[in-house]
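Each structure below is given as structure tokens.
You will see two complexes here that share chain A, one where it goes with chain B and one where it goes with chain C.
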Partner chain A sequence: MSSPLVLLPGDEVPSEYLPASSSAPLRLGAGLRLLSQPHPTTTSSSSTQAPSHVLTATQAGILSTDTKRNALSILSFPHRRYIPTANDLVIAQIHHSSPDYFHCMITPQAPHAVLGQLSFEGATKKTRPMLKQGDLVYARVLSIGLGAGAEVELACVNPATGRAEPGGLGPLNGGMVFDISTGMASRLMRASSSTGEQQDGVAGLVVLDELGKKLEKAGGFEIAIGRNGKVWVDCSNSGDVAVKATVAIGRCLTTIDEHDLNPADQKKLVSRVLRELKIEV
Partner chain B sequence: MNKEAPLSIAERDFILNALREDVRLDGRAADQLRPLKVSFGEEYGHVKVQLGRTSLVIRVSAEVTKPHEDRPFDGLFTIAMELTAMGSPAWDNGRQGDLETYVTNVLDRVIRHSNALDTESLCIVKGVSCWSIRADVHVTDYDGNLIDGACIGIMAGLQHFRRPDAVVKDGQVIVYGLDQRVPVALNITHKPLAVTFHTFDEGKRVILDATRKEEQAAEADVVFGLNNAGDVCFMSKFSGSPVDAMVFVNKTSVALDKVKEINAIIDKALQADLAMRAKKGMAEESRAENDR
Partner chain C sequence: MVAPSATLSTLNRADGSASYQCPSTGSNILGSVNAPVELPGRRDALKPEDATIEVFVKPGTAPAGVGERYVEGIIKTLLGRVILGREKGYPRRGVVITLAVIGGESVGRGDPYLVLLPALLHTALLALLSASVPLSMTFSATVLAVDASGQIRREPSAEDAATAQSVHVLAFSSKGHLLLNESQGSFDFDTWEKVRQRASAICHGTQLVSADGDVAMVEDVDGRPLEGTLRETVEDQVYRDYNWKINAA
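Showing the complex of A and B:
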């Protein structure tokens, strides 16, 4: 199980790679699709443990399993095309608004996604955010619709609880957006969600930790990673080095993305970029 | 239907604020080019230009045609540029956008109208036949500053290109193949290049070689076309907000430095390519299985 499994589009996921625990539902991430489910009638007749699900890959990449969350996803090669998948966190840009919805761009040349005017934390008709064209929101993909012409729906709130879950969903004010590949975006998400000791092995990204340590004294930074290949960075707490710190973070991320640096080189790059921009650490 | 992705308000404000502190997103100085790489393909006149993340392929080709009626002594020279979906998802195949019209127009005026290529030397028989030189510009990736990139590519292509030798014998035009006679280099009169600046913050900040995001956030652009000797053959400020006259005066000298720098890079690449070809040519000729 420890050696990475490379799948090509159409390949079935071997059942031994599926997380063992069956109590929680299995979550499918980007690049995977459920091909068939066991019928209730057939499962009762078969006494042995038949493969319960047939999963196939829709993208080429390395299969990654998260036993804690009971989730499966494909780590694809670095490309810039984003295909919306339910439950992804994305950074969307408001294009225009209509009485009920904000129409947002997730990727510039794709059809617009809709975001309900009231799907923000604590939003009512009176308190809803007044977003205008060009504003950014950090949102979750609620549904991707079925069939041709289906609209992708976004939400900045968990409809079940009425809270912005995970925290930070909602309008993004100030800061700067940098473009990275979708693969890099998902690696960054994994690196930031996993615990410290397994981080190096999971995604090979230490850049955020390193930047966090170095910029702590200057005031730290806020970051939002969109699976659609966008990273929003804000350092407005850093006072007079705010702009430089933001540029430094952006440069580190895009360079690592382009050159696929290993952890040691990432640390070197962070020190070099901070030195070039003359940020005291 | 396809359009260039508009910048978000955050990006626009940030780029401007950063420039006020003299910081650019990629850490360059205001008057600094992105890393430029010029390389040549197998055939004469096949150039690849990589300017940061903007990349272009330029092909120069030649054919024999009839000259225009009113200019019997002149050959033809055309620059063909088409922005296809290959370069950016914002461009449509077969539909001409504003950017394409603008870039084609500037390229025409910088290179063609400044007579960089001596068209009279392309004449074979007066009023009957002449060479038609065509430079095709293909954009394979787009991250701003198409004009400078295309100019670099076309000039490098013209200098690299060798046309087949043609001879007039008893009123008959004989064109020799590239392997029959040594092909002829084109007659380049001077080497003009375009240098584009973008202005921000009511003309107070001026930067060279903008990326796509910087271009979109800019107020206006100023294009200079000049050659190594400092002759300005083109200068434009088509649209956007007003630019102070002193910007033109000051930036012309910066542009001259850049033109010299870029021309040096092109020359170096040309020399390296010629040296490599000479070496390979010798090896080809000395091979035993050649026809004799």
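Showing the complex of A and C:
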């Protein structure tokens, strides 16, 4: 692969970087927009031509092309704020409850998102979960509304099938939440969702595999990753080392996020943190 | 000419941040951007389809006063032309930019901020890029002082600016448009035209006059164009953040 192309806002995407196949329509991801340029010519004969289109970047970052989906997007800085997008999985915190909805916080200083009282798997008026202020839910962004100031709607259930799809959606009981950067969250998502065994981990992350191996004897752990830069960890199976193991996992993830460690250093960090917390592996 | 030095994403809690060392005044400027955030009581803004931009300039040692309000207005107007406030998630939300001036020669109370203005603008731009706020283009700015003999001096110190005949701040977009022109003192149009050409050469490294030996000489005096320096700063940070991806490929 050639060296990655870094674009700044206003830069045009060079045509040789566009995916070659023309059968499927080109999908534009975050950080790109399509501008039409009127022809700069003055002759009347060319005025009948269609205006030419250019793709320009609106954010700074690496241009990433996905030839399979025929998609283009800009990978921007990992510390940016999360902006809700339909079908993203997020960890939301209940702020307050109203007759029809739970009002949840996805990111601080952003308007509350609404989560229907009945949009949980198998929920009826009698069996709906009674969530209190501060409780956590793992939810999918259902819609982000149209126009300015629209409300973001979350759901813990697929409205078509009535089941929690993908699995694990719903209230998160116990455990602890750690803040990570949004870039790290999407890396963890890719690392944990891929099934294929690779030598050096997916997206440069081996920390989850490593922690899983080391904590297997202690009872393993559960993890949920929200695209909004939150990660929930629960080790309630681990018995008396549950708290220690939770802290260890959180410490590993936040340190890797902060210092951007490579796979070898991640393995070293995991061993060091477990040793410091006196967790036997 | 010493190139300015800058780092991106220096603050942990802000959505985007940048620190910028201004070589001429020695000031260090720390900028942070939070966007898009909910602004209290702004739901009925004048432009409901657009983002509201708020700029705060904080001097290091004194409470903000008239001079800061004035320069905040200038920065806000310029950024309003560059930020795409209608992108997803931005309408009716706020883009809050805080610029703190740390160290260097302090600006007197009520003084215009012209000498520091390019540094403030660059810091704001880098912080916005670091926060991934959608922008239509980037820009670069410079300050020039013209003394009594008509000599143009690039990025003067505060004393030089005080004794100068006129001081000009010009900002150019990455596409070459003149985005901002703030001038102070007495000058005629010929002087301004010379100032504009010099500023354009500083920002973009090319002059609008036909290429001859003169252009090369000007570039030697001004060193690398500012735009290139800013771009390199951003690229460095991108390469650092995506180390894992680039190494894997």
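Here is the rule we go by: the second predicted complex is superposed on the first by the 198 of 281 C-alpha atoms of A that agree within 3 Å, B and C clash if a C-alpha of one lies under 4 Å from a C-alpha of the other, contacts with A are read in each partner's own complex, and residues count from 1 in each chain.
The rule we apply is simple: a contact is a pair of C-beta atoms (placed from the backbone, for glycine too) under 8 Å apart; a residue touches a chain by one contact, two chains touch by 3 or more.
Fair warning: this is a prediction, and the values are worked out from it, not measured in the lab.
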Who does A:Gly31 touch here: chain B (first), chain C (second), both, or neither?
-> second
Looking at the overlay, does A:Arg140 come into contact with chain B only (first), chain C only (second), both, or neither?
-> neither
For A:Lys214, decide between first (touching chain B), second (touching chain C), both and neither.
-> neither
Which partner does A:Phe77 contact after superposing on A: first (chain B), second (chain C), both, neither?
-> second
Who does A:Arg190 touch here: chain B (first), chain C (second), both, or neither?
-> neither
Check whether chain B or chain C contacts more residues of chain A in the superposed model.
-> C
Mind working out whether A:Leu172 is in touch with chain B, chain C, both or neither, as first, second, both or neither?
-> first
Tell me which partner A:Gln109 touches in the superposition: chain B (first), chain C (second), both or neither.
-> both
Applying the touch criterion given at the start, work out whether A:Val273 contacts chain B, chain C, both or neither, answering first, second, both or neither.
-> first
Based on the superposed arrangement, let me know which partner A:Gly10 touches: chain B (first), chain C (second), both, or neither?
-> second
Hey, what residues of chain A end up touching chain B and chain C alike?
-> 109
Chain A contact footprint on chain C (complex, rising order) | 8-9, 12, 15-16, 34-38, 43, 48-49, 82, 84, 87-89, 91-93, 129-138, 173-175, 231, 234-235, 237-249
Within their complex, chain B touches chain A through residues 2, 4-14, 17-18, 21, 23-27, 89-90
Residues of chain A touching chain C in their complex?
-> 1, 3-4, 6, 8-11, 31, 58-62, 75-81, 83-85, 109-111, 144, 147-149, 183, 187, 200, 203-205, 258, 260, 262
The residues of chain A that touch chain B in their complex are 93, 105, 108-109, 132-136, 172-177, 232, 243-244, 246-247, 250-251, 273, 276-277
